[in-house]
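Report on one structure; see the data block that follows.
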Amino acid sequence: MSLLTLDRLDVRHGLLKAVREVSCDIADGEILALVGANGAGKSTLLRAIAGAHLPAAGRIVFDGVDVTTMRAHNRVALGIALVPEGRRLFTTMTVEENLAVACASGRPGRWSIDTVMTLFPMLRARRKARAGNLSGGERQAVAIGRALVTNPRLILLDEVSLGLAPLVVEGLYRSLHSLFEGGATLVLVEQDLNRVLGVASRVVCMLEGRIVLDGRAGELTRDQIIKAYFGLRRGSGRDDKVQGQP
Amino acid sequence: MNIINLLTQGVLLGGYYALVACGLSLMFGVMRIINLAHGDFAVLGAFLAWTVSDAADISPFLALVAVLPIMAVFGWLVQRGMLERSLRAGMLVPLLSTFGLAIVVENLLFEAYGADTRSLAPMIGDLSFGSWAITDQFNIGYLAALIFALAVLLLGGLSLFLKHTPLGRAIRATAEDADTAELVGINSRAVYGIAAGISVATVALAGTLLAMRATFDPYSGPMQLIFAFESVVIGGIGSLWGTLLGGIILGMAQSIGAQFDPRWFLLTGHLVFLAILAARLLAGQVGARGGLRTSLGIDA
Amino acid sequence: MSGRSDVAVERWTRASIVSGFVVAVVIVGLTLVPLAAGANVIDKLTTLFVYIILAAMWNALAGYAGLVSVGQQAFFGIGAYFAIQFSVHGVPAYPSLVLGAVAGAALAAPISYFMLRLHGGEFSIGMWVVAEALHLMVNQDKLVQGETGTSMIALNAYSHAERLAYNYWLALGTTVVLLGAVFVLLRSPLGASVQAIRDDEDAAASLGVRVLAAKRTIFILAAFGCAMAGVVWLSTSVTFQPKTNFGVQWTAYMILMALVGGLGTFEGPILGAVIFFIVQDQLGETGVWYLAGLGAAAILFALFLPRGLWGEIEGRFGIRLMPVGYRLRLHDVVTAPKGD
């Protein structure tokens, strides 16, 4: 049974239709790479799944529960966590407070402030520092940690490498290794195709709000992905889809 | 000695102003709403205390046990019922709706209680006029000292609450970024409701104390709002304690002005407020925006 | 729009040309009223004009410049005060009134320098403090004797009928001039700036819109308008009582009229003023329930009908009487009005 089902989702961003007729099933344990050019609708889709955006049409079913109109904080209690684009830390609060505030949702599991600090050792030294004073990499670690501490079943990561130096991203992905290996269900939005293809089990490509490519990571060629990314052969749209998307 | 007496009275008055102001500051810091009915809620609290005191024949202090929770719930209801809608509708709507609310409250109070000015002073006996005579020119009123002590306690308590409790952290997180707070599991609407409840409860306390140290009537509200606002803007320099400092400066300015001419009490306060506002604007701060937001420890 | 032949940009539509003509006729008609009508009608119309001025001015501030002022009574009162000062120093009655308003507007310039740097609720209450401060300062003047007030004695030189007529024409003239000024403003580049500011101030600034200058213009205009309303009020009541003239109820009325009529529209404040006038005329003496009702109306409109009555009408039916916006004609199909 799939953990997350999206059924003909339409999401508006202001007056713009950012997500059009998106349907997708995500199984437990999958690591899904969500790629596409800027403005393709990836962030909006993640935010809709997390509950920050209400869809205009369609359904979202998580673990058998219809969460389409459920408020975000209730979805966290069910086990959906979003690491938002741009981190969005509480800059006036310390690292420890940022993590503590997310703990309050109270889901049981292996993640706590302590285990997050073990995952990201550089945070231990900085636990009393104000989040606004951290470096980019540290902030991203806190943002990921904040999501982890809610012990989610589905983790949505939006552009975690954005604005970070390659070495830092390297370090981050190494830390996340345990997440990848440990059977968590992840949806990763990344600009760095190489990086994300290295860890993903499945690739979904979006273009102008629609899914134009959806396949197992091992079976798709880079060429296919790039063509879908840029929308080449757009006139014959249906050819681009590997697995029969409606 | 007269000067010391004067300044002391000003400082003690500042304690009262801080009490009225801290709810306004909290609501603005968390929700970015200026509640134009804030002062009227203080008066509502005072009338409620008067009614309970009168009906049950108990001291107003004891009446607070009933008044504070009732007003807290009232604040919660106003937030969930009215302000929540206003929040999403842009900047104009909260101001217009709270202004309308102020008018409704004032006139309903008038309808219920009439135009007579009242006071709770008769119900607290010696406390309202007794004082410690430090010297024959310098004395400190019991009530004034009590109010100041309560202000310090409340501000201290609130600070600690915001800093060290899970709910306090949730409030600070929601104040900074309600959207993201929701994404980490915080029920932002509930947080807003609680912040509003705290805000209205504190201003009801202030109103009750106002009723003890002075008189009040259904239309006393706007003046309290203005005092609260002036205190916050004058002192808006970092934490809730800034509100106390602002209140003290306002109280001292008013007391000093009154020394020259009793009619100048209010005017001096307003002029000092405007002067400080002008000075801060000229010194390059972006508007006085810092005033209300930073008093909660939130960067503007 | 770029030279496409199937698109035409128009400012005047059929409806607005007809309206323009009607307005001209109405103005001429109104001017002739004192020659024919009874004292009661003249007096009531004068009051109506004052309401229209106030509503239009508050609408200009809040609906166009995004400035919610809870202190416009500052100018309503100070204009009257200055008028009395001019009169006491020998200037004839009616010129004193106008000069008083001008002085009030002049005061608005330095006030705006500080106040306009405030935002949102801080500006609102800040203006209220300014009003209170002015009120208290005026009280200090021996001429005014605290809350006792004084009168504009020079007005008594005219007969009752003369005063009625002159007040009426002053009020009518002011209304026409001010509404005309707002109309011209909206059609000018400043009008477009103001729309932009109202919609998104930061974006407007980044496009080079001189935000502060635009706001200041409207602030001073509104100050002048409120001051004129104040001096007209003085001329009808003859007495000047600080508590009345500086009372916050004027702002309450302004808010209600503009909100109910339609913030951000040209016709809205006029509609709001007319409605308020009728309601006030019929129910004004019924006391606190009436006032509480006004407050409740403000809340309901703010929450549920923020566009006001005219805004709703405009939105639903696409009617725009006064040509303050642009219309795009595509082929032969008229689209919804663009801009305000």
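In this document, chain identifiers A, B and C correspond to the written order of the chains, with residue numbering beginning at 1 in each.
The definition used in the following text is that a residue touches a chain if its C-beta (ideal position, glycine included) is under 8 Å from a C-beta of that chain, and two chains touch if they have at least 3 such contacts.
Note that this is a predicted model, so its numbers are computed, not measured.
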Fill in the blank from the handout: By Cα centroid distance, the chain farthest from subunit C is A
Handout entry: Maximum inter-chain contact count - chain pair
Key = B-C
Exercise for the section: For subunit A and subunit B, let me know how many angstrom lie between their CA-based centres, rounded off. Expected result: 44
Handout entry: Mean-CA-position distance for subunit C and subunit A (Å)
Key = 52
Problem - Distance from subunit C to subunit B - Cα centre to Cα centre, in angstrom - result: 33
Fill in the blank from the handout: Residues of subunit A that touch two or more other chains sit at none
Problem - Touching residues on subunit A, where the partner in the complex is subunit B - result: 50-52, 71-73, 76-77, 81-82, 84, 88, 90-93, 97, 100-102, 104-105, 132, 146-147, 150
Exercise for the section: Within their complex, state which residues of subunit B touch subunit A. Expected result: 166, 169-170, 172-173, 176-177, 179-188, 297-299
Exercise for the section: State the interface residues of subunit C toward subunit B in the complex, per the touch definition above. Expected result: 62, 66, 68, 70, 114, 117-122, 124-126, 128-130, 132-133, 136-137, 139-140, 146, 248, 252, 255, 259, 263, 288-289, 291-292, 294-299, 301-303, 306
Handout entry: Sites on subunit B touched by subunit C in the complex
Key = 28, 32-34, 36, 82, 85-86, 89, 91-97, 99-104, 106-108, 110-111, 222, 225-226, 229-230, 233, 263, 266-267, 270-271, 273-274, 277-278, 281, 286-289, 291-292
